[in-house]
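Across the two complexes that follow, chain A remains constant while its partner is chain B and subsequently chain C.
Moving on to the complex of A and B:
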């Protein structure tokens, strides 16, 4: 085990694996920054290049690329409120708010460093995967998955930003939107209005890009200033401050990493869920919820860590059972076959050095990218100073290229426009957008697992120990929130003269 | 001075133009000077595909079976086509496989440069059942090749089943997890269990989305029967369960032989087909409408993955490509690489080229309306 641990490290750093990893990093960097071109699509396009590589080189190349897209995906989220990947969407809320306050550097620094910590955390959990995580993975069934989505939905309360009614309406609308497409067990179409485009449901990226990106552009055009309200963007120490925040709020970073890893382990939860779960948890656990959405650094750190930690988690079912934990892992599974490897128990015994080389790739790739990014971050942060007349066409181009590259479909542009209008109205009338997205990303898992739980276990699924445990967690979270609110208002009253 | 600059610019522009327009075209003037040279060279007709690009329109997204199949072909097929064209793969996902298939059928140019790659066991039954959105007629498309797929089923030892014929009397109810009613595995596992063997203690739960989550559900005991692609049979995870006696393989879908008989899939030669197991349990061959439907469905597995031209493509292009495919399957490197990447060598009898596969598709679609109606009702749960 110790041998494999170090041998994996040496193999990643030896030639040509290291060279392939650097190429992978460069590709991943570009893909992450450009919205729309997702990591799974890029992985699939890169598969033909690995035919002649050794397993260590191939995974250095592919995993290096994958892990970097998650890290750099946050950059456009923060600067322009356009998520580069569905997994970076939650960073928009507070990250972009920070950028508007002139603290883009700080937000970027925090996002990158929390990503690094999350990636390392996720990668090292593979070390304990054999004794702890694999049994955990097999002990959770559909009823537990369902309860986890309920836990996620309970964050709607925290994310409503003042008006619970508005939050619940938006969460419900999100669940309804997720129902558009194909019924998962009868394969019949619903809410598709005879449009083939809607058969596979609404695509997430065009929807999120429209919902968050367009209103920001409109606001920018109305204000006529640059993104950052202040002229001095290097205020508060900029990037270095964000790096320090990662460790100052180490509990947030760690919590995000843990949430990301657990969500990653569960196959079918999907990459777009982890960051929202982490964000929701942060808001719910926070004493002062009103800071969120206006530029709370914890709102960047939690999801930043979670979206990188989930890759380490998602590798576990992929390696141990041959069952991909996420979309990109499904394509990585194809890479295994090309390389003549069969995922399964062998990966944790005979091929342990390859498994460890994957872990090291994730760690080393993130260290390199964060180091390189630190150099360019200061200049990137200056983009928030460019005046609106120049930056708006550029942002609009990013938005529309981003939404169309996912499927090359005209419908995606319409979705962006439609949800852009919806987003503007919501921003204007102060309706929260986070619950809507939460409903959309959780809806499909919510529905499927509820159906399976009931059909499989009848009413007995309610008394499974895991279900009761998660239920208590949910109740505890809600109760904690109520008590705290009472306490705070009590403090306010007693302060009154 | 100005004239000199102008002249230099003109000269360089001409040079650039010559380079851009291609070395061959640039040399044309010189050929006029030496006509004897050109005349002595063997008179050769330039192959149609020389310098051209063929586009494979894969009707699914990147990753997954059809995409892998397309990219594998794109790598190996060009060297067997006269003129050695390049092949690129363009993904056109949506509507199951209907968006890509409809596009190639209706809109793609009929010049021999557009080829559909899709899951034939999805597109053809969709046409048979008259699913919403089907705008194509597969019998009008020159299908160039089809490759065979198949599935196998195993049960958990907790059901008390020790050998395949025990499925009739399990100790506990058999529960299978699957994608949806109407998916490939639902045909291969649920129709035999419910309608052919008529196992009373059997239930299928749908909604698992794909094979992976359904397999995990089996591993954690949420379900106790699982149906998977034959290619998964060799996976260590499954082999280990079989070796330890936790999983008992009960039957396979099999594949259609040249005379319409049900054969065992060459990847899993030890597992009985549904017909063999029925014979073992009941002492007679299976018959009846459910069996006819099932047999018809298995015949669609001979075109699990297909490549097809749009209708009205010149017959000469069809012949050239079919010949290229025949040469391809003789290529030992293709056999080795396709076995390494997809799990089994895509050569005959698993790969069927040209007229035979078109005939199989026609036969499948020419089935009696009674069978279609039965299947349609079964999918709708009536």
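Moving on to the complex of A and C:
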């Protein structure tokens, strides 16, 4: 095993694998920064290139690209409130708020370094935890997955800001939006208005880009200043501060990494869930919830770490049983077949060096991209000082091109505009946007697993040990939040003169 | 301010109506397809009614926050409300204008046209400086999306000018 561990490392760094990884990194960097160009689509487009490669080179190329998209996706989220990837959307809330305060460098440093820590955590967990997680994963069924989505939805209360009612309504609207499209059980169309475009439901990227991006453009135009309104970004909150924050708030980074890894392991949860769950957990666990959404660094660190840790987690079921943990992993599974590899016990015995090389690819790729990014971050942060009248056309270009690349359809642009207007109204009347996205992201998994649970187990699914355990966790979380709120209000009252 | 309070109530009403409509439409679906949206609609409609009650009656008691309107601007930054509203209308004209232009003549022509016009009219940049920025935007668009990933550009309503340019550019 030790031999395979070092052999994997050497193979990744040897030629031509390292060269292919660098190409993958360059592609992943661009894909991650540009909204709409999804990592899954790019992986699929790159598959034909691996036919002549060795397995180590092929995975260095593909995995290098995949992990980097998650890391760099946070950059546009922080600078312009336009998520580069759907899995970077949660970073917008506090990351962009920090950028507006003139602390874009700090937010970018924190996002990149927490991503690096998350990636390393996820990659090493992948190998250490396989013997423990295989039986655990196999014991989980639809009822447990359903309860996990309920756990995710329980964070809506924490994400609601000042008004829980508004947050719950928006969560409900998100769930309703997720119901748009073809119902898989009956093959009936719900809320599609006879439009073929809506058969597969509303696409996430145009929706998120509109909901967060358009209101930011409007706000910029109204203010008439730069993104970082009056502050000098070179003086306030540098990149080094963000890097230090990753270790200063090490519990947050670790929690995000754990949540990301767990969500990654669970097949079908999807990449977007991990960072919202990490964000929701941070808000719920925080003593002062009012800081979130206004530039709390924990709101960047948690999702940043979760975002990358999930890739290592998602590799576990992919390698161990050939069950892809996410859409990208499903495409990566195709790469296994192209290369003549069979996921399963062989990957942990005969091909252990390849498995280790995958782990090393995730680690090395992230180290390289963070090092390169750190060099250019200061210049990127200066973009927040460009006058609004100059930066607005470029942001609008990113918004429109980012949304249209989802389906190459004008429908994407319409969705962006529609949700852009909704986002503006929500910002205007102080309605929280995060619960809406959480509802959309979890809605599909929620309905699917509830239906399977009822059909497969009847009412008995409610008394499964896993269900009861997760239910107790949810109740415990809510109870903890209520007790903490009462405690804090007690402290406030006693401090009042 | 009264108008804005009315709009706030109207916004909650619109959300309530959306759920009401979704519930009504779901009646015709088979139960497997109806169960999820109907349950969501019933629960959220109750919440909407509660929010409406808050907007109509509770809000009046808390008038101190009424100043924090329109992206927190009037109270914090001292920009008159009329100017804020004018700027909002102005930017929406540009946002919808850009969209309409893409829909009408396609991306390849709309991007440089919009970028240049916005920089000259709103940015008050010199025409040649605007031209440099526009060239950068177009180079990004063509270099990455056209030449590198061969993006299939959606057709505009009047597509021949875009088609002609794409033909001239080659691949």
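Keep in mind that, in the parts below, the second predicted complex is superposed on the first by the 492 of 497 C-alpha atoms of A that agree within 3 Å, B and C clash if a C-alpha of one lies under 4 Å from a C-alpha of the other, contacts with A are read in each partner's own complex, and residues count from 1 in each chain.
Operating definition for what follows: a contact is a pair of C-beta atoms (placed from the backbone, for glycine too) under 8 Å apart; a residue touches a chain by one contact, two chains touch by 3 or more.
These numbers come from a predicted model, not from an experiment.
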| item | value |
| --- | --- |
| Clash or fit (per the criteria above) of chain B with chain C on chain A | fit |
| Touched partner set for A:451, first chain B, second chain C, both or neither | both |
| Contacts of A:193 with chain B and chain C, given as first, second, both or neither | neither |
| First, second, both or neither for A:338, with chain B first and chain C second | first |
| Angle at chain A between chain B and chain C, C-alpha centres, nearest 10 degrees | 90 |
| First, second, both or neither for A:173, with chain B first and chain C second | second |
| First, second, both or neither for A:185, with chain B first and chain C second | both |
| Chain B versus chain C as contact partner of A:425, first or second or both or neither | second |
| Partner chain(s) touched by A:417 [first = chain B, second = chain C, both, neither] | second |
| Partner chain(s) touched by A:393 [first = chain B, second = chain C, both, neither] | second |
| Partner chain in contact with A:15 - chain B first, chain C second, else both or neither | neither |
| Nearest Cα pair across chain B and chain C, whole Å | 8 |
| Common interface positions of chain A, toward chain B and toward chain C | 45, 183, 185-186, 408-409, 451 |
| Interfacial residue positions of chain A with respect to chain B in the complex | 40-41, 43-45, 47-48, 51, 137-142, 183-187, 189, 194, 196-197, 199-200, 267-268, 317, 320-324, 327, 330-331, 334, 337-338, 340, 342-346, 407-409, 448, 451-452, 455-456 |
| Touching residues on chain C, where the partner in the complex is chain A | 7-8, 11, 15, 18-19, 22, 25-26, 29-30, 32-33, 35-37, 40-41, 43-44, 47-48, 50-51, 54, 69-71, 73, 77, 79, 84, 87-88, 90-92, 94-96, 98-99, 102-103, 107, 111, 114-115, 118-119, 122-125, 133, 137, 141, 144-145, 149, 151-152, 154 |
| Sites on chain B touched by chain A in the complex | 61-64, 67-68, 71, 75, 92-96, 98-99, 132-133, 175, 177, 179-183, 205-209, 212-213, 215-217, 219-220, 222-223, 232, 234-237, 240, 340-343, 381 |
| Residues of chain A that touch chain C when the two form their complex | 30, 34, 37, 45, 163, 165-166, 168-169, 172-173, 175-176, 179, 183, 185-186, 188, 190-191, 214, 217-219, 221-224, 387, 389-390, 392-394, 396-397, 400-401, 404-405, 408-410, 413, 417, 420, 425, 427-429, 431, 446-447, 450-451 |
